[in-house]
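In this document, chain identifiers A, B and C correspond to the written order of the chains, with residue numbering beginning at 1 in each.
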Amino acid sequence: MNKNSSNTMALAPNTSNKRETVCIFGTGDFGRALGHKMIQSGYPVVYGSRSTQISNLIPKDAEVLGHAEAAQKAAIIIIAIQRQHYDFLIPLAEVLRGKVLVDISNNLKLNQYPESNAEHLAQLLPGSKVVKAFNTVSAWALQSGTLDASRQVFVCGDDVEAKQMVMNIVRALGLTPLDKGSLLAAQEIENYPLQLFPMWKFPIFLSLGLTAFFFFYCVALDIIYTYIYENNDFSFFIAITIPNRVCPVMALILLALVYLPGIFAAIIQLYRGTKYRRFPDWLDKWMLCRKQLGLIALAFASLHVVFTLVTPMRAFASWRTGKGIISQVLNNKTEPLDHTNAWLSDSYLALGILGFFLFVLLGITSLPSVSNNVNWREFRFVQSKLGYLALILCTAHTLVYGGKWFLSPSAYKWYLPNIYILSLIVPCAVLVVKFVLIFPCVDKPLTQIRQGWERNPKYSK
Amino acid sequence: MNKNSSNTMALAPNTSNKRETVCIFGTGDFGRALGHKMIQSGYPVVYGSRSTQISNLIPKDAEVLGHAEAAQKAAIIIIAIQRQHYDFLIPLAEVLRGKVLVDISNNLKLNQYPESNAEHLAQLLPGSKVVKAFNTVSAWALQSGTLDASRQVFVCGDDVEAKQMVMNIVRALGLTPLDKGSLLAAQEIENYPLQLFPMWKFPIFLSLGLTAFFFFYCVALDIIYTYIYENNDFSFFIAITIPNRVCPVMALILLALVYLPGIFAAIIQLYRGTKYRRFPDWLDKWMLCRKQLGLIALAFASLHVVFTLVTPMRAFASWRTGKGIISQVLNNKTEPLDHTNAWLSDSYLALGILGFFLFVLLGITSLPSVSNNVNWREFRFVQSKLGYLALILCTAHTLVYGGKWFLSPSAYKWYLPNIYILSLIVPCAVLVVKFVLIFPCVDKPLTQIRQGWERNPKYSK
Amino acid sequence: MNKNSSNTMALAPNTSNKRETVCIFGTGDFGRALGHKMIQSGYPVVYGSRSTQISNLIPKDAEVLGHAEAAQKAAIIIIAIQRQHYDFLIPLAEVLRGKVLVDISNNLKLNQYPESNAEHLAQLLPGSKVVKAFNTVSAWALQSGTLDASRQVFVCGDDVEAKQMVMNIVRALGLTPLDKGSLLAAQEIENYPLQLFPMWKFPIFLSLGLTAFFFFYCVALDIIYTYIYENNDFSFFIAITIPNRVCPVMALILLALVYLPGIFAAIIQLYRGTKYRRFPDWLDKWMLCRKQLGLIALAFASLHVVFTLVTPMRAFASWRTGKGIISQVLNNKTEPLDHTNAWLSDSYLALGILGFFLFVLLGITSLPSVSNNVNWREFRFVQSKLGYLALILCTAHTLVYGGKWFLSPSAYKWYLPNIYILSLIVPCAVLVVKFVLIFPCVDKPLTQIRQGWERNPKYSK
């Protein structure tokens, strides 16, 4: 193929207008959209169709023939028909022998059939070279030319040359081919466009649930309680004050939940004395969504930062400032600077800023293009060392900020603790256990286990 | 080639110092810079030149021979001469037969010649294997070793093995080759280094124009009007107050302009009853620069956030706060908290924060490495659903903030509306029409049209 | 191989469960972890081991045979043993002829041996096809299934088909292969996992050193001096006030240090009259870490922004505001707005905001995925033009902010200048020299030199 194509190129008077004919089986929406785009990119297109009368729907520069005649005109045939009609291709096996068949089909749900559509096609027509491609591209985007989304086209197939030919077409259409290996990858490629953030589902539902709980907890304590017992209407707290109480709590808890499964894993390995047994399913799943949990925690932390920074702009805040100053004036005394207070206020602000700064660093290193440029050792350093440092700083920030209320009885409305106190349970537990785990007497056997040593080989059976 | 090279490797005593000789035709700046770099990377380099006397300019470890002798010494020949001198290669056709010729040339303007330089070279020397490469690399960057910029080298060519050989050299120089397919891609590769943000031009000029208009509009109303009629000098408003009025207005209008072409497209499709006719040119271009418009809108929104947050640090703000409190004290009364005001102020802040948060999310998903990792369905979800939600929140933020001035006659200086009111026209229009478009009686035919159905097939002729 | 594999595929009843047997030599930790993972991905695994008695440690679905028998069962043999034991493979040369040997070894330090382990293996067994792969993957991550880090597996080898086979396995394990070319790249691949941010070392140590110096300088002047001479305890300044003095100073100096080496390079080239001589080593190294210096400067600038924005939340700030207002009230007078002050305060805030905005833009364009999508001309425009504009704005921000203290003797405690003044030295020097360099009489010869012209050819010898 290489030799042929390079010769053709070299002899052609103006190579940039000379492309090989492509055949498309099927005149459905995607077949038409792809044909339109290919004609625009300079490919002669011939459609294979049951009825050869020229339909208005088909791009007007394309030829329409019967399936067999159309297939003979091209080396590449795009199969733009649904899997359940693949059987009609069997009588054409002889015509399609040695041709490149491009399977572009999608299913309606994940793992709908035992084997992928492309593998099914390859079994029906063993003499043809099946390549899976284009199924992740939207017909509407192709048609309107507005491919804002990913321009990546996943391509897989067992024949390297056939794959190269398809990848050249992909490039000519202005898209980026991505070789995913042999046809075994077709199942994954067919499942890909059906997903909607699969890894994000659990973290998002967990966050929504916790957020709702803490929100109503705060509404009860800060608005309803105040309204009933102090007869003050603070309903406007719903807009900023309460979100700014829920966000930091969520950020801290979710950040701790990122490091909790690692703690569980270490304890399980220490208990079992081996690393060669699988973790329980819930722990496996938890570990796989740590990145998502961390990013949601970062989102909450960012909201907390902005909610905090707008405080001086609030009508409530300027009213409160004014009230404080006026009461000082009316009492005719100037309060001196309270040094303890100045220390506390500056400390928790500084701790929060540094914690947030490290948190943002962690977020940046989890961008795909950044994490692809660091090796395993560097990634571990950032995500583990800097991550724990961020957790320590954020926990300290909360402790210093909320510390003064822990022992004050007025903080326990309806005998319920303030949410600061609730938010500290998980992070403190994680930090305490982690502190125990880095003691040499615990760390040494754990390191050995992770390097493959087994305390009790019977477990590994 | 594979067999040969692996044998050579296996037999050589220290393979890492053993590289194949490369020939460079032309001793101009780029030829010399590339030669320097190749010698540093361990390649023996031989120059082909008209005058074989050793020039001082040529790297001292390189050999200099006549063109024919130099070409015979190497399998790869880098053609570092300008396109208009390619003719002198024709007499060398026999020597160059079967060799890999690397075309590194660039043109002075886009699409200067009907066919690319590399294709022109391939036509002149049909017996050689032409590969396009290195034209996107700067000679100065190669020379100084400071390749901070993209290390990507686009490579295209019709012969797969020739391309592999060139890509190996690219890797050995510490650069990253990117296979762009057959020689048909050469035109695009040659145009690439001549561009300066082509997609950004229209959005940036539009933004500059609108910004200038709104800036002078504000200067007229807020500074000149106040100076003439109230005799107050607020010229320092130019630094922060007015930019902080222009930025949110620009952000909101540009964000609405991102969604406006989609509205137009839907209306045109509904009117025509088909998706198989091209949109007008202006709409096509507009749709292609939506991402850029959105990112510029995000930049304005970010500036608005920072300009707003620094407010309490301004001398003017602390003077105004003090004045307010002192007037309360001198009147000897403490104003109670205005609950309506507290609600309004907290609401527009919260709406703005949430809108900005979604806006930043949209910005992050448009980073190339992130958008490459989401499929079409996920991208649509984020850019369409979350995008409209951001537009709704930002419009509501502006409405709640500016609402109280709409009906107040004092807001109409010189009978001109405040820019808040101007800024709301486009977003409100977009939201209203979008609201109509999602009614089932309108949405259903539109969905059918986008799936390929045609109301009136005569249009598609 | 292509033909074989595609036939096998087409004939197999359910191809997705049919994978080729892989042999692993060595039952150490990594060999076991890789075996586990391969069995999970559907590969039959056979271990080659000295003792063929089935160990408990080996995955229970794997076969264990002697080395020769195991090797005969598979086309791909993974060599999971250490380099110093490679010699024992020599007697197996005949069995291993034509097989694909995957070298997964790592060394303990950078460039430990003159040639890479993979090249060493290829020399020992010239009849086998050696491919380097998997050495950058962590056994622990493979085992626990938590590959949060980079999923990239660098692959290199001289035989293209052997490389394809290994890359297919990599993909089947859920990882992303990255072709790094011929076996010459093995040295680099083996060094890769041993690095810990090598380019960041110098910039980070420099920043830490400078930060410590400025921090103690400020502690001395702002806390100790005040305590001794004014008997005021401002020790709480350590948390926010002093960090917020050090951060902007560091950001400005580091940003200037990004542009300083370019200035030196221009002067050296002007003096030498040629670009064809290498820069001194220190300048080369400096130029290579400019990106890192810039990003650290951006981190300091971001901290400065957040530290500044929290100011109104500090107990100290509200105490000071209250004190100011109360003193006005007690003196029974309202101060009018100081227009000069309002201008100055708004100007330095606006300059700082715009400078920071450009700085963030520079940071975003240095993300790998963004800088890969811009060409050399665009990158130069952003990093050079916008970068200098950011430096000018930030320097102006500092000048306007600190200007009033330059000539005031009270700013010189212990006859030492304030750190504002220190921080301005480098950026002002850079800007002044750059201003001289863009004069036509200097710029013209420099441009000629960079295009390859030489004033005095004797230098290039």
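Following the convention adopted for this analysis, a contact is a pair of C-beta atoms (placed from the backbone, for glycine too) under 8 Å apart; a residue touches a chain by one contact, two chains touch by 3 or more.
Since this is a predicted model, take the numbers as computed values, not measurements.
Listed by label, the chains that touch chain B and also chain C are A. The pairing of chain A with chain B is characterised as different-residue: of all residue numbers used at this interface, under half are used by both copies.
Centre-to-centre spacing of chain A and chain B amounts to 23 Å, using the average Cα coordinate of each chain.
Residues of chain B in contact with at least two other chains: 309, 312, 321, 325, 329, 367-370, 372. Of all residues in chain C, only 2, 5-7, 9-11, 14-16, 19, 28-29, 32-33, 36, 56-57, 59-60, 136-141, 143-146, 148-150, 152, 164, 167-168, 171-172, 192-197, 233, 235-236, 239-241, 243, 299, 302-303, 306-307, 309-310, 312-316, 318-319, 321-323, 325-327, 329-330, 367-370, 372 touch chain A in the complex they form. Taken together, the chain B residues at the contact with chain A in this complex read 114-116, 119, 122-123, 126, 129, 158-161, 180-185, 187, 265, 275-276, 279, 284, 287-288, 290-291, 305, 308-309, 311-312, 321, 324-325, 328-329, 334-335, 337-339, 341-347, 349-350, 353, 356-357, 360-361, 367-381, 383, 450-452, 454, 457-458, 460-461.
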